[in-house]
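All chains are identified by letter, namely A, B, C, D, E and F, in their written order; residue positions are counted from 1 within each chain.
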């Protein structure tokens, strides 16, 4: 088996996490998984959605978008279409759920953190890159909240990262780019905590059904990749 | 551990599949997983979406809805809100993908099968019940297409069924109803083919992350449940 | 004259009213006028629309929908189109007005009853079936409100029922099914109270204008049909 | 009984029909029923909706709107709300049906006539004024079509006019203005042809149910009023 | 150079301002610039948008619309399209800004004045006619507010008027009608105060870029035209 | 007078134009006016809007957007609101008009160039930065069209650039950043060609009306700034 990218089966793309990428947001990270580039911002606002008012608890929610020409062919702008597509909503629900697992929401007070993940260039894996970058932006936003006195102490954060794996020509491969993803038999997105637990496992048979053995092989590969992501997140946050 | 429903961990709810439930659709099935009741219709139209025109290939697509008072509290009607929610879109994308795995689309000619899954009463597991019932409606629609001469021979169908599993009070349990789902630590939806392959595996940690061991235990349980569903589908189709 | 249905001019279809059809709603009735089948639910919520706040008075409102394949040809789902059509809005306004005539709204306290009429199979007369079934669901909801203590005593209900009549091949006929409706010269929907008063009379010339005499003949026929409906409503409520 | 307007029970408001009110439309009529003022334009376009293509037949359709401050309190502009309300859709469906009864659509060729009724000042009876004025605009548009050669000969037109009647303090009264309409027990809109047939009869009990006798008394009164409208339409068209 | 309209370069169309054109609005003006006819109403409501609550200050906002057949070819109704177009939004933002320059908003108390400009016939210059007419409607509305006691004294109003100028066949011309506008090289809309200051200057090169000299010549011409408009506004307000 | 930015009245911010900023688009430029950063892409598609089909002529259109946290306070995402705001539509209409002035559309064949300007960080002047950057992206897209053979020869391009000027504390100043813009009396956006002609002049009095002299002083200042922009565009295109 030879991957279109020339990478070995367990080799990730070059990953970069650039903090403070834009100026206004409390947390702002440019995350790059090779040619996939996503701006992740975390914005803090006081107040919570109606269903939480008076609970003393905070909220984290996510929105996802792509610039129209982030992709090989220009897609119609969702704002001009007048609605977000199903894929967009599915991805932003996933990002939101994943990030809410990172922090005890009771530690936020009645504040909301809006996480925006905007893909400026897409080459496969935009949802996993978004989660990985957004978790760093979230930590930065929490630090700003602490500085501003919105929260008294930094909540404990369980770092979250995500990667895609697939079965390509019968073999499990890590971190698929767009050409690999298009040709893969199975696509599996895995979100984990830095303590080794699974937050989300979403596997889809694209061409042929997959077996329990293949699933386990993919999960093992995902864990390898995610461990590297945790190290890079830590490096970025320490710098 | 004692399930709220009183069932044993590996016990499914009573499942019923009623074919020819409504009169107009080519396939029409009422599927019941206990108190969860979904009307699944399969409607055949000649023609395919633009991206398939001239390909000689057919298409299967799904839409999902809930009656406003299918649930404990009345939800606002999506038609009057002016848009389908993220959960709705996510579920109907899942149903469509699953059913497209059941049939070789090239065997349909340039025809489209619209599968509508409308929940008239909800008690957890509406998406898995929908997939299980819709596959039967799909077979009925194919038979009608054959009778009408829209296709020359019945395509081979790989039956598809789905069930949810979860971790409830630390133990894997099968086919969660709504109270169990609300209290579970993990929610896993599994879609399989009757040859034993996975089509979709979607696991979400609700309260606590889950481990690879827990995932495997849940998958084994799902397979048990799905095998029962395949038997019931066959029984319904043979009657 | 011979009706397509083989019925005599003043003969209604078989009518069935099944109470407690679904589990969650305070009132839930499956109403069948022959092959026309509508699920009518009445849901109680505390609070009223803004224009009634502080008035001490309640509100009753209705929404109407059809499953996409309730009809001979699949219709696009209104939720996915992003708006309710004119026919839908017209029918749900009619149902709401009719039901508000059944009860003195001041007897409800500041509570709102949402009536949802969802057609699962259509064969003509869906709006009249909806009104007839919804009035039974409304009574059930009022009984539940009384049990729960939301109201101190059961309000007096003026029962409401509705039927369609038409001119078919020059003769007035009662309770048109879809083939009859399509071929009729005139279509008249009549809503009455059990005391014999008219609540709504909506007559439309489809092919040829109609005369005052024809209108009166149709109204007399409608009254006959509606009297049968009142008897069936009472029977259902007493069971 | 004394009407708020001081008119006698069978007295209509002052009616005016001003043809060629605006310059661009093929037919353009300002219709005034007292203080109710509606601009009715009929616009001709070649081509028909999809369901009529190739049929050789034409189509007539109507749209209705109100300027935001046509009413006593400013209403939100439907264009800025992003949708037309149920009342608007109901009225424009009524106008369209009424006008399609005026002409044999086969005599139009594959042309569409768009009728726009825009209320610039409202004082009750906007839908009946709209129908009455729009029928005159329709005739003017047909004449222009003939001049332009879009049709070879003028189709025969069955003139259509409409008026509202009501039960006010127990007595039938003709052509209700807004204060009368608000206080009436019953509101009945009647659309007729100049040959004396009914096109639409829409009666709604506002406060108390109405009887067959009351309905007949109102219909007789409506006929009186509509006869006056036919005379005024003819006068306008002859000038 | 000869203008299509036959007017001289600095000659405006016949301008008419008819106050009290409709009955309900606090201010209601029909403004005519030749064949361009716009109904401008000013409606007063107590309360202000959220961002001004508690400020003691009022607000003025504008909406703009065209009847579908105000133009040579019928345009789709924005209410039925479900959104206002970019041109509409741009024009109503311009009108709103211009009128807010007419009055010190602090003198209004926490009241909002909604200005609606609805074009019933278009022949070029609808935005400038709208501004010119709306300012008169605004003054009338302020007078009504004073009469009703909503404000204690009439605020000082800086009258606002607007006109279009263009370069037609190389020469600056005043107050373009539609055929002139379509053929002009440059289109410039100018909004001024009666003290001679500019409120808005919006110049667009249609065919060829324009020079600073041309801009100045157009501005001088605009000032001439606007001076006539101020005189006509005053005449109307004094009558 | 001292500008908040510390710049002299005629001093622009640091301008940067980075070509080939993203990978997929035919033209892709990151334009920076100080802290204002906009990604401008030009995407080529064969085909033109309906009104140009068969004309042999091409089309250029623009869309504008901001990331939700491009600004000091997070704005709601237009895609999730379901519509683009008036400001967005106004700006993208301006950008489109400006770019269509750069090229003779007949030289494009029946191809459409979509220009997307997405603001990733805003600090005033986003529309002028967008136009300046988009013109460079347009040139790159034309070069790609030539390479791909979509057009036979490079069309002549009249370079377009834009800058804002204002009256700040009584003095004209060039290239306002956000704090300056918020405090300015007048805001003027100027779009010019490299031959010195004006394409758009849009001046708005924010606090006080402006005079012809002030307008001319601002225009002179704008020309100075734009000349620098043309030099920078040329430098970027030559590199």
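In this text, a contact is a pair of C-beta atoms (placed from the backbone, for glycine too) under 8 Å apart; a residue touches a chain by one contact, two chains touch by 3 or more.
Just so it is clear, the structure is predicted and the values come from calculations on it, not from any experiment.
For the pair chain B and chain D, chains touching both partners: C.
Comparing each option in E-F, C-D or A-F with B-C by residue number, the pair that reproduces over half of the contacts is A-F. Because chain C and chain D carry the same sequence, their contact can be compared by residue number, and over half of the numbers here are used by both.
The centroid of the Cα atoms in chain D and the matching centroid in chain E are 33 Å apart.
For the pair chain A and chain C, the distance between C-alpha centroids works out to 50 Å.
Inter-chain centre distance (chain A to chain D, centres taken as mean C-alpha positions): 58 Å. Residue positions 82-83 of chain D are each in touch with at least two other chains.
In ring order, beginning at chain E and turning toward chain F, the chains are E, F, A, B, C, D.
The residues of chain B lying in touch with chain C in their complex are 22-25, 28, 35, 37, 39, 41, 43, 45, 63, 65, 67-72, 74, 77-84, 88, 114, 116, 118, 120-123.
Contact residues of chain D toward chain C in the complex are 83, 85-87, 89-90, 92-93, 97, 101, 188, 192-193, 195-205, 208-212, 215-216, 219.
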